[in-house]
Amino acid sequence: MLAYLLNLATLICINAVLAITLNFIMGYAGIFSMAHAVFFGVGAYTAAYFALNVSASLFLAIPVAMVVAAALSLVLALPALRVRGEYFVAASLGLQVLGVTIFAEWKSFTGGLGGVIGIPPADLFGHAVSDPVAFLMLAAGCLVLVILITNALLRSSFGRNLKAIRDSESAAHAFGKNVAVIKTLSVVISSALAAVAGALYAFYLGFINVESFMLDTSVLLMAMVIIGGTGTLMGPVVGTVLLMLLPSLFSYMWFLPQTEIGAIQQIAYGTAMVLLMIFRPGGLVGSGKNGVVK
Amino acid sequence: MLLLQLLINGVQVGALYALIAVGFSLIFGSTKVFHFAHGSTFTIAAYAFYYLYSVAQVHWLLAVLAATLAAVLFGVLLDRLVYAPIQRHEGSFFTVFVASLGVGIIVQNLVGMIFGRGFVSVSTPLSRSIELFPGLYVSPLSGIAILCAVVFFGALQLFLMRTHVGMGLRALSENPELIRVYGLSPRRLSTIVFALGSLLAVPAAILSAASSGLNPAVAHHVMLISLAATIVGGVGSLRGAACAGLLLGMSENLALMYLGPQWSEAVTFIVLFLFIVLRPSGFFGRAIST
Amino acid sequence: MNADDALVLLRISNLNKNFGGLQVTNNVSLDMRAGVITTLVGPNGAGKTTLFNLITGHLTPSSGDILWQGESIVGKSHWQIARCGIARSFQDLRLFNHMTVEENILTVMEPASWIWQPGGRAGRRAREERAMDILARTHLLDKAKTRAIDLAYAERKFLSLARIMATDAKMWLLDEPASGLDRGSYELFLDLLRTEVRHGVTVCIIEHNLDIVIGISDRIAFLDQGRLLADGDPNTVLNDPHLAAIYFGEQAA
Amino acid sequence: MTTTVLRTEGLVVGYGGRPVLDHFSFDLRANEVLCLIGHNGAGKSTLLKCLFGLVPRQGGQVYLDEKPLNHIEPRRLTAAGLSLVPEGRGVFPGLTVAETMKMGLWAAGVPKDLREERLDWVMSVLPALHAFYQQRAGTLSGGQQQIASIGRALLSRPRCLLMDEPSIGLAPKLFQDLLQPIRQLQRDTGMSILLVEQNVKEALKISDRVVVMKSGAIIREALPEELADNAKLMELY
Amino acid sequence: ADVTIGALFPLSGPNATYGDIFGSGANLAAEHINADKLIDGTLKIQYEDSQALPQQGVIGMNKLVNVSKVPYVLSAFTGVSKAISTTASRSKTVAINGGGVGPDLADLGPYFWNIIPLANFEVKAVLPYLIKERNLKRFVLVYVDDPLGEGIRKELTESLPQAGGELIEALSVPATAQQFSGIAARVRAANPDVIYIASYGSQQAQIVKQFRDNGIKQQFVSYTAFSIPEMSALPEAKGSLYTTQNVDWNSTDPVTKRFVDDFKKKHDKMPTAYIANYYNAVRLFGLLAHELQKKGKPITGENLLAQRIETKTFDLVGGKVTFADNGTVVSPMQVNEIDGAGGKVVSVVAE
């Protein structure tokens, strides 16, 4: 039971990092990315590759993963500079599908559907972090750090710049904001921080494959953010906890047939999404009215 | 010969994509509802047909009618019961999107629970190919698919051109509140759109069930294709969506000349991505950047 | 006014713009001098807003040149032009709707697009103080924490002005800033504007309300069908019978 | 006794929070031009929107031809001969002016054989329309959009026209030129007009009656002559 | 006390059929063990749904290992097996595979055992038959884009030239693909003598059906994955060849006989190799646990491994089975043909 809770808590931390970083661009810069799982994946694969071939040290693997994800995120920034709203959703969807194809096909790096196996445990100051409690601490630490970083950024002038662009790009321009730089920067930061979650995930499971980084994950992350409350500080965390706990509840309902639990969980998800959007479109933490966006 | 064969396959697949995409494009273009559950409409129509025709063994015409009814009802009810309440308190574009995603997930899993998560197909003699020329095989379904696409698209165009509804729909997409000032009912227009758009998914659903089979997750692919075609064609342009659907079907098949089928979805989306970066307004759309 | 060339902030020379076949700006040459309020008037569709868009880089001219303090700014992107010191308002306001009034002001005071602003903590405090001062002058102080979208119409108009005051721009381009304001409000508005001009900004304003035009202009430029028909002293322009026939109607001063 | 076209009794309208209009009662009589003036935020637009069914009312009653309206629906009111020139841009940016007019005719339920004639008539009232008739509304200048919007509202030859600050963005001459034919039309057809304006000077010239609002209530009702001199007006503002 | 072992099978999704088949073997073995009181306490099998997907497998494996703390897990499918092998060796839990045939399953560490001969045997068994006896030399491979398909491709690329055949084209299909008319065109264009299909579940059925629909008339060949009822019932699959282990169902050896008789009684049909494999996997656990309990040692993965190395040879269905040091087994193979009836054996290949 304890093991089960630890596992759940660790996964919640990892997903919360992803939700927070997604909210950073979605809620504040108005960039609705459906490709967040790709950067999660890039972080995970990079960390795994690095750990298998160079060193499992967290202080090396995580920065490397961040840098790689940040560099690749420029591909996402490209359409973000060109289009907004639903067009960008489409572009990011495209990137997501493309990412999955590459993850599945670049077998020498990602192992394809078979994945990367045998990832060594993370190494922190020479100690292998393999104990579940220790790993939970590590994940929680990263979560706190990410929250602090994003918060600091959002309260700063950079955060205001992001919101200004979200509200009126042309006015931001007219007041001397270099929209291209700001957007690119926000995408880069968000992706780099998402890569932290990826690295943690790879070390935690010891195995990663393309299934974790598919469209479903991006959709789930987006649901976490929106259900929690787009553009709010705690919304993404609340959304993550809710969406991660919901399924576990069902596994404790012994009367449900084993093979249908997955489907029932999913239906519960879907229903929660629909009902929340009808009755609380601003998200659980949001203002009740819709928080943001044109 | 391979090229020709793939081209023909491409046209068949493209015709189906065009039909699906036009439905989505119509809905999205005029209501701005990111109707992710359009894929579910497809699933519902397809499974309804599969169940009635293959399992319950009713006459095919009856099965088609029932599938149509199911699809249209689903689309309209979804609009009324889910989208309308959200829009009433000015839900943002993404609020509706998430709700739509939720519906998609529900339908996929319900269908999975009822019909099994496995793969089912409708077997008909029509899927057996005929050798047109030595080495060139075409199944009667291809012909039907192309015919359907032409007929439905033509009828839709005629409807939109001949009636004022077409103009109303364009206006609806821009400012539903203003529509009311003009004395029209956005809800009625919206119902018409959802009924029409859902209807357009039916032939594609039935033909897919017969030619390549079904599983509860097909909605995903259907949705991705519709979205890609809508954007590539230019939002608001049905002609664009139809052409783009055709283009995507063809490029997917022609890519098989050189690449494995695991690249087909990627090829579709590379086309999409390039369009967005290089020509965001699509084939026929208007410029929309920033 | 002063004819001295040194005081010309913005010089528009032989500017042209067409949309398809339609010539919207037709060989316009116009100087805007420091410390002067120029009013742009003319019938609907004369090309006034277009002229603003050309200056600020939202549109690129088909031909002709725009010099800012002697340097051409044609071809620069709009944020670069904004940084030269040209600020504008929009006919449809375009406030940062979901940000608070205070944030609306602060964000335009922060010059850098990168993560850090120059000036550090002291700089930030200075900006905050100035923001409060501007809000006080535009009567928005008690709404500092309100989101722009929740403001009443007149307040939004004032916020649009406050946002421009917060920039360090030397030249303001205001597109119908007072339209729809009631009399009390627009008097306040004009007072504010006059004070700013006295402190050294240069203003170009588009306006249809003749009371306002008469109340504030140092100089009137009259556009019709993209052409600059008259440019000079308010009295002269307002009394021109030809212009009255096409624009002012029976009530010309 | 004069008949009323629109009348409200104890109308309450708001957007959450304190109501904008609190127990508001007023009437618009047949065959008159009623000018509604007041401060920014006084609730003029809110009243118009509520009368036309765009904002739900929270209490009170609205009467059309002295018959209470239970559901105020823009579609029904249009059919009953009402028409609204909304505040701001009343056109669809993606439609050309020609299309906008076509749609307006259809939406207002003008019979097919009358449409041509109706269009010609609007074009004669607003000759400026000719210049940009085939242009997409989104590319029009601010004033041009306003002209198109007014033109659209006239298509149905409404028997009751609600106009929310039509002068915004219009050149002075154009506004003057517009008011006269409308007044003429009103006289010819016995139409009632509810005109909300900040440009009081012009508006008063064609009004039969003036209502001054402040903070959601009527503070004064007068004849235009009474307010004609500026001093009186200044008092109220 | 009860003894619980885990099983990671696809219980839902397009490969759920395999889960049913595997489970029927495992359950029968558990029944027999419990009836025989081979171990103290009742043996229970806890099933987790892997959906035949690696990711799902790992999640299920973590649950079995961390929450239920089982010492022994039945695994299936090459991709899933590879994915869980890290967890298995880290937690010192035995994972035993009776369905996956990817050749690299042989090298997944001491805690990963295979009780099914791997694809190298399947391929080696069928090539000589096709090339020498049927004179079919030019091969096209259509394989699923996962570790299994990848493994078979490697195997064919290496062994075909040695056997005197030629691999003219290898076409991969994504694991989720269901539409094969384009691939069919490519296959037709290549014009091979024989088409090797390396997939499983409903996908392989679709490949066969759509290839025939699209005018492909050549011989189809596959491996054990074809031994499911869907395939024998598919009209288009008639004439297809596939390899399996060679088990003598009529053997008089008591273990085999009991298995076959009881299975027939229960399910009213003949068992297949898969069923025997998972019966064996569970039976093997029973034998090892029995030994450990006799010695008074706890049943842990570590002890199970030590005991397996110590005992080496076991009495299982099909006769005595000996594990190689890397935890694999060898077995004679046979080539089967789907004939629309019960199927027939066309060739038997000893080791």
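Labels A, B, C, D and E are assigned to the chains in the order they are written; within every chain, residues are numbered from 1.
Please note the rule applied: a contact is a pair of C-beta atoms (placed from the backbone, for glycine too) under 8 Å apart; a residue touches a chain by one contact, two chains touch by 3 or more.
Bear in mind the structure is a predicted one, so any value in this text is a computation, not a measurement.
Considering every other chain in turn, the ones in contact with both chain A and chain E prove to be B. Note on connectivity: the fewest steps through touching chains from chain A to chain D is 2.
Separation of chain D from chain E in touch steps, taking the shortest path, is 2. Taking each chain's centre as the mean of its CA atoms, C is the chain most distant from chain B. The chain with its C-alpha centre at the largest distance from the centre of chain A is D. One inter-chain figure worth recording: chain A and chain B are separated by 30 Å, centre to centre, where each centre is the mean of the chain's CA atoms. Between the CA-based centres of chain C and chain E the separation comes to 77 Å, rounded to the whole angstrom.
Rounded to whole angstrom units, the spacing between the C-alpha centres of chain A and chain C is 43.
Multi-chain contact residues of chain A, defined as those touching 2 or more other chains: 104-105, 170, 260, 263, 292. Of all residues in chain C, none touches 2 or more other chains. The set of chain E residues that touch two or more partner chains comprises 12, 16, 145, 174. All chain pairs in contact, by the document's touch criterion: A-B, A-C, A-E, B-D, B-E, C-D.
For chain A in complex with chain C, the residues that touch the partner chain are 153, 156-158, 160-161, 163-164, 166-168, 170-179, 181-182, 185, 231, 291-292.
For chain D in complex with chain B, the touching residues are 52-54, 73-75, 77-79, 83-84, 86, 90-95, 99, 102-104, 106-109, 152, 156. Of all residues in chain B, only 164, 167-168, 170-171, 173-175, 177-178, 180-185, 236, 286 touch chain D in the complex they form.
Every residue of chain A that touches chain E in the complex is listed here, in rising order: 1, 3-4, 7, 104-105, 107, 112-115, 117-119, 130, 132, 205-207, 209, 211-212, 258-260, 262-263. Considering their complex, residues 11-12, 16, 47, 49, 53-56, 58, 62-63, 66-67, 78-79, 82-87, 90, 145-147, 150, 174-175 of chain E touch chain A.
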